[in-house]
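Order as written gives the chain letters A, B, C and D; numbering starts at 1 within each chain.
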Amino acid sequence: MSSVLIVGGGVAGIQAALDLAEQGIEVYLVDKAPSVGGKMAYLDKTFPTLDCASCILAPKMAALLRYPNIKLIMNSEVLEVSGRAGNFRVKILKKPTYVDWSKCNGCGVCTEKCPTKVPNEYNMGLSQRRAIYIMFPQAVPKRAIIDAEHCIRLNPPPKAKEKAKGPLCGVCERNCPTKAIRYDQQPEIIDLNVAAIIIATGMELYDPKNLPELGYGKHQNVYTNLEFERLVSATGPTNGEIVRKSDGKHPRKIAWIQCVGSRDVRFNHYCSAYCCMAATKQAILAKEHLPNVECTVYYMDIRAFGKGFNEFLERAKKEFGVRYIRGKVRIDEIPESKNLKIVYEDTAESYLKTEEYDMVVLSMAVTPNSKLSIPLELAEGGFIKLKNPYLDPVSTTIEGIFVVGAVAGAKDIPDSVTEASAAAARAALIAKRLACPTPEVVK
Amino acid sequence: MSDFEPKIVVYACNWCTYAATDLAGTSRMSYPENVRIIRVMCSGRVDPQFVLQAFADGADGVIVAGCHPPADCHYLEGNYKAYRRFELFRKLLESFGIEKERFRLEWISAAEASRWVQVVNEMVAELKKLGPLKKNLEVKE
Amino acid sequence: MAGGSEFISINPSLNREVFKLGGKSLLECYQCGSCTAVCPLAEELNVSFRRAIRYTQLGVEEKILGDISPWSCNLHGDCTDSCPRGASPSEILAAIRRYQANKYDWTGLARWWNNSSLTAKILTYLAFFAISLLFYFGIYWQKILQFASTGKLVILSELLIPVVAVFVVALVILAPSGYRAYRFMIKDKKKEVGFFKSLKLIANFFIKLETESMGVPHKRDRILEHVLILVGLGLFILLAIIYLVFPKFFEFEIISKALIYIASLSLLIGVGSPLTKRLMASEKTHWYYKKFRHPTDWMSLITLFPVALMALLVFVFYDLSMILYAYIAFALLLIFLIPFLLLEFAFGKHTHWLYKIIAYYVGARTGYFRGD
Amino acid sequence: MTEPRIGVYVCHCGFNIAGTVDVKKVAEYAKTLPNVVVARDYVFMCSEPGQDLIKQDIKEHNLNRVVVASCSPSLHEVTFRTAVAEAGLNKYLMEMANIREHCSWVHHDKEKATEKAKEIVRMAVAKARYLDPLEELEVKAEQSALVLGGGVAGLRAALELANYGLQVYLVEKSPTIGGKAALIGYVDPKTKGAEIVSKMFELIKECPRIHIFTNSELIQLSGFAGNYTAKIRVNPRYVTEKCTLCGECEEVCPIEISNEYNFGLNKRKAIFLPFNNAYPPYYAIDHRVCVKCGECEKVCRFGAINLKQEPKIVELKVGALVIATGYDPYRPFKGEYGYGLHESIITLFQLARMLDPESPTKGELIIGGKIPKSIAFIQCVGSRNTTPGAKEYCSRMCCTTAINNAIKIKEKYPDTNVYIIYKDIMTYGSDESLYEEAGKKLVQFVKFEDKIPRVLITPEGLFIEVFEYTIQENIRIPVDAIVLSIGMLPPRDIEELIAVTRVSCGGEGFVREAHLKLAPVEAPTKGIFLAGCITGPKNILESIRMGSAAAAKAMSLLSKGKITIEPMIAQVNEEKCSGCAICVGVCPYSAISIKNVNGDRVAYVEKALCMGCGTCNAACPSGAMQHLGFKDVQLLAQTRAVFGGEVNV
């Protein structure tokens, strides 16, 4: 029984790993981040049922540790893949975490003592973390990692370097109860031999700076939807308090702008599928946190196409009083109050209107993480191309390599989880030598 | 009577009514706090002695809820057994002088969260009219 | 704004005609309103360009003819830069303007002129040119030689007569079309603003328009080209009037020559620069010159360029004391002027200055101009 | 009974619980309850650190009972049981207190919600005291699967399971497999539905492990995950393999009815071939309408027809069931947008079928006898409750299908005006490029919002009156033909499916998954899996993917060769049992029989058959019969705990 490599530890990667492990197949799960969880770990709630994201993700992550035949290879990237289906030789670069993870038990003492403070990517830069940190409280594996770039021991600032005689700082080494700190840890190459590969590298949000007319980065109170999600999350930088960057006050009026970077020939032609419902969900969450906040969504077509989506939308309109206006917008900032003036044409009344908001959230498009070392053919929009979507909906153009989740096409969590199980089915066949890799029967 | 808060014990079958109470939660419906839900695998599992015990301990109302006959029951006919049992039990209650509004046998499917909320609201309203159980318990001839 | 209870009928073939007039991406627009949102004018003018495009898509004829928003577009191009469907709204609005001009024209010839291909246009232009060439040189050749021998540049009023006649004919053609345009535009709108106040609104709208676009290089170039054309044409008309009313003015040679030089040079550059940019269409020229190459765009420049050139040559030859050539150039100026007046001025793209002014006037009078 | 040492763990669940219930107070209150040794609260009990809290406490305080006050057991009972088992404690000594769905999410008064949460915890602790360790049973798993429904989802699941080496029984109600995908012309501008299905047929023909039953339906399902016995009724086809598709029988057949394989575009006889490359590739007689006149039997030169065939019942032992019975298109009622009142008003399925080269019109667009000069699609017919009979959900696929066919029409007939009258265009994901291409191919989009369009049938022709949203004007569009983009409904015979397989339906009438994200392809009952449109509208790609996923899940269940069954079954206390046999009559699965043990009659429960409903326990007069996990003492303790009372055992 050979093993399967899964690249990417998001909800799709985890689901595929669990399904394969359940069938007794050995699984290597590689992720570039220090913890599995992917984008779903950032979410507070998920639509349309509003159950909390970690209520779904955390148990699956915990289950990963329960299977002896699942090996997590964190903070690593796939360097090179060769061979053919049933017998791939894979080279993986394991970047140093500067902490011996066999000794570290995730107690977090070092993360309190470390002097250097750096913006925390997990909270989208809205809060601070130390140079040595645990990605998020429920991380799996819950281990510390040193951010070499900002650690003054590993990368001393030039001025301090000449003055200092020996190595600088070392606070974490002194305070670590299990002596797990390894400043001298080097990157290592891991060679694996696997029968099949599942690509689940997921997506990143499209860079909002490409749309200057929306003023992200220039206007302080313009957020991306992932930043807002962190704001509203209980484990977020403000413990769920929705506050404005400019003055820390609660907003009275929030606007969501849809299709930012999606459905736009200048950026991405495709529709990112998740953002209409994500915006509706965030509007409801905002209403739950701040009962008298006014929420408005500026949309082109509200896409509530999935199971339970339309009722969720109707509830947002009737029960939570979320306003939906059809029209694309331009955003200017009012200098004194740092509020945002949205200039839009309400396509219902063919009339140019401006409206003032305390906070604007941009529903960002997705960009697939498809630039991998594996020479896979890409479809339009940069997604990984499927060999024959209808006959084999999870296989890439290379036999034995499968693709799931957002990197194969913009989709929401239920579809990614279903796709992951489908890919697990295909990969298990090859791993169990049950069928020689299914040749394309009919040309 | 206005500030009297009746206490209602509910025996909910796992496959239908308990799922409906969960759905009421996920849909963020709201209903009065008076109910206390006890999960059983099937409405057929509810033994009349539990209901009597509840009334004896001071429950103002009891609801037994399961899947819709004729064909929803996960165990084929558990709800029929409950239906048969509790129709007889209702007569027993009357002989104890417990008003028949204090006991309800309901069929609520997994999708009928609004039906569940409606039953709770109706029951609480009725019990508020009836007042607490202890007060008017004389043994009828 | 909301429609009445009765139903508007639509003419499904309307958008086909607008395709021919250059609005080929008309149906790619999916009504998102970003063109109106990003347009620097929309805030000032309280118009919806999206709705004008929508009327054209659907073929709501009675509404589109009265719509002043296409005429308020000054081709800044912000909308085309921000259109999520790449439908370039400014190009569509230009096509809608051509469609409206065709409909305003009571003779029906505008529709033929605007819809015909570039070669057909050039051939008709050359035909008219040939006719006026034969006419002029046939009748006035002797007179030209005679004047040339006097060695002095005397602007012969006789030569002007045919041009003035043609100009009157053009006006006779244009005036009713202008009135029809006004009737369409004013239909079911109320005049709320006084006459003089509306003039003030138009004035400060223009000032705001110019100052806003001065900041942006490619917009500034186009505005300057337009200004040069206006200055050139304006001065020529002024000089023509002065000549008719107070001919002695031309004795003050320095001023009159300076004015003429300025007029012809500015007209020449004003027309020449967009023409060359369109011809070269190099990488660095603004997409406006690559996109706006509809036959009517070409003709509006081709017909005016020789007029400006000849006007310049008249005085160049005069200064070089090549009097005969000066007179020939003067005759050619008038010969070129006739087809310009008859075709371009009466039916072509140049009618847009008349309809634009009417549109601004109606816009100001009926409260479309916010003017705050 | 050793002294119970209980650990109580109250979860914040982010804000879900902590937002309304004061979790600290609940934890403190829990400490005061008898037998409670430790009580903690944590932000996410179900996460790795949360579970570690429980494991460490079990070791340090040697707890023998655990109560987790968090969400509904349907979400994480398995998670916490496994965590408890990893710490060495029997997994059934864990009880959950639902203080989220039953308290913090449905009550907003912080005071009362916290009080209620305390009482729910008290009830759980009361029951926990009487929990006893239970051992799971293991049963051999059949290495076979039953797939219900022969559409693309069912075919994909069958192929996948067969690849695993399982025996697969594919049961299809109609005479051919292929489902609706085979009939819908163009699935996307380049691929035809029939191509996909025929390629799948080839893969299926080659696979010896797939056994196909057409004209058949599942009439009875008994047993449990890993050991189902399924009764299939195979209705007679009356035509045998000898059929050479010569078609002579079709000419002589007197019965003619509307052909559902062309969505009613043309008629078919009682004896018919569903579509050209149908599989199994021979004729079939529609047993509902055939009058058995015998004409076809007489004329058949190959003796392929045998009208005396009788329905036969087949019994199959299977380990798992995959339900992929698909959907039914919405049927507009007479007069809805003029449907049924004018021959130029057809449904989207009829149009899609018409453009398929194998359709009666050979791919030509002939509506009402002529090629329409202008055609309009009206979206959301039967979905997003735009019409009286409509459902509230969006059927997800009508927009993409309508645009697909609109592009096809514009390519074939460039000068036809094509309108799509829509509420919201749902071309999500990469389908958006279709919406763009439609714009380039000059398809016109007309938006309405609340006021739905009206169809006018006048002597001069058809008109559609729409309150156009983007110009807020009532416009009247002259059209020659109207296509109603109808949505997807649950299959009409879903009632029988529920009666036989015991699955339950969600609010929209489609079958409900165990959990939309945790288990999207599994039914709440173990061993039953779902694929395709039976759980809700999907496109062909998503249905096929779900087929593979269902197969993967079934394989996870069956791959270890044995199945663990939950031990919550009935148990007889032989001293107390008087052998009155009331329980024998009450058990729906006849799992109880009477045995005599050294002389006296005693009830005996057959472990493998008992499904754990507990009805016998309630019927047992002496209390000898106890439903493990829901014993009388446990439920009584919970009941008394509502009022703070104690159970005296």
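We adopt the following convention: a contact is a pair of C-beta atoms (placed from the backbone, for glycine too) under 8 Å apart; a residue touches a chain by one contact, two chains touch by 3 or more.
From a predicted model like this one, the values you see are computed outputs, not experimental measurements.
The minimal number of chain-to-chain contact steps leading from chain B to chain C is 2.
More C-beta pairs in contact connect the chains of B-D than those of the other pair, out of B-D and C-D. The distance from the centre of chain A to the centre of chain D, with each centre set as the mean of the Cα atoms, comes to 30 Å. Centre-to-centre separation of chain C and chain D, using mean CA positions: 66 Å.
Per-chain Cα centroids separate chain A from chain C by 55 Å.
For chain C, residues that reach two or more other chains under the stated contact definition are 1, 30-31, 50-51, 85. Looking at chain A, residues 49, 51, 263, 265, 326, 347, 349-350 sit in touch with two or more other chains.
Residue numbers of chain D whose C-beta contacts span two or more other chains: 436, 470-472, 506-507.
In terms of which chains touch, the assembly is arranged in some other way, matching none of the line, ring, star or all-to-all patterns.
Of all residues in chain A, those touching chain B in their complex are 49-51, 315. Only residues 7, 9, 15-16, 18-19, 21-26, 28-31, 33, 36-42, 44-50, 53-54, 57-59, 71-72, 74-78, 81, 85, 109-111 of chain B touch chain D when the two sit together in their complex. Against chain A, the residues of chain C that register as touching in their complex are 1, 30-34, 36-38, 42-43, 46-48, 50-51, 82-86.
Across the complex, chain B is touched by residues 72-74, 98, 100-103, 105-109, 112-113, 115-116, 119-120, 123, 495, 498-499, 502, 504-507, 512, 524-525, 568, 586, 588-589, 611-615, 617-619, 627, 630, 632, 635-636, 638-640, 642-643, 645 of chain D. For chain A in complex with chain C, the residues that touch the partner chain are 213, 259, 263-266, 300, 326-330, 343-347, 349-352, 354.
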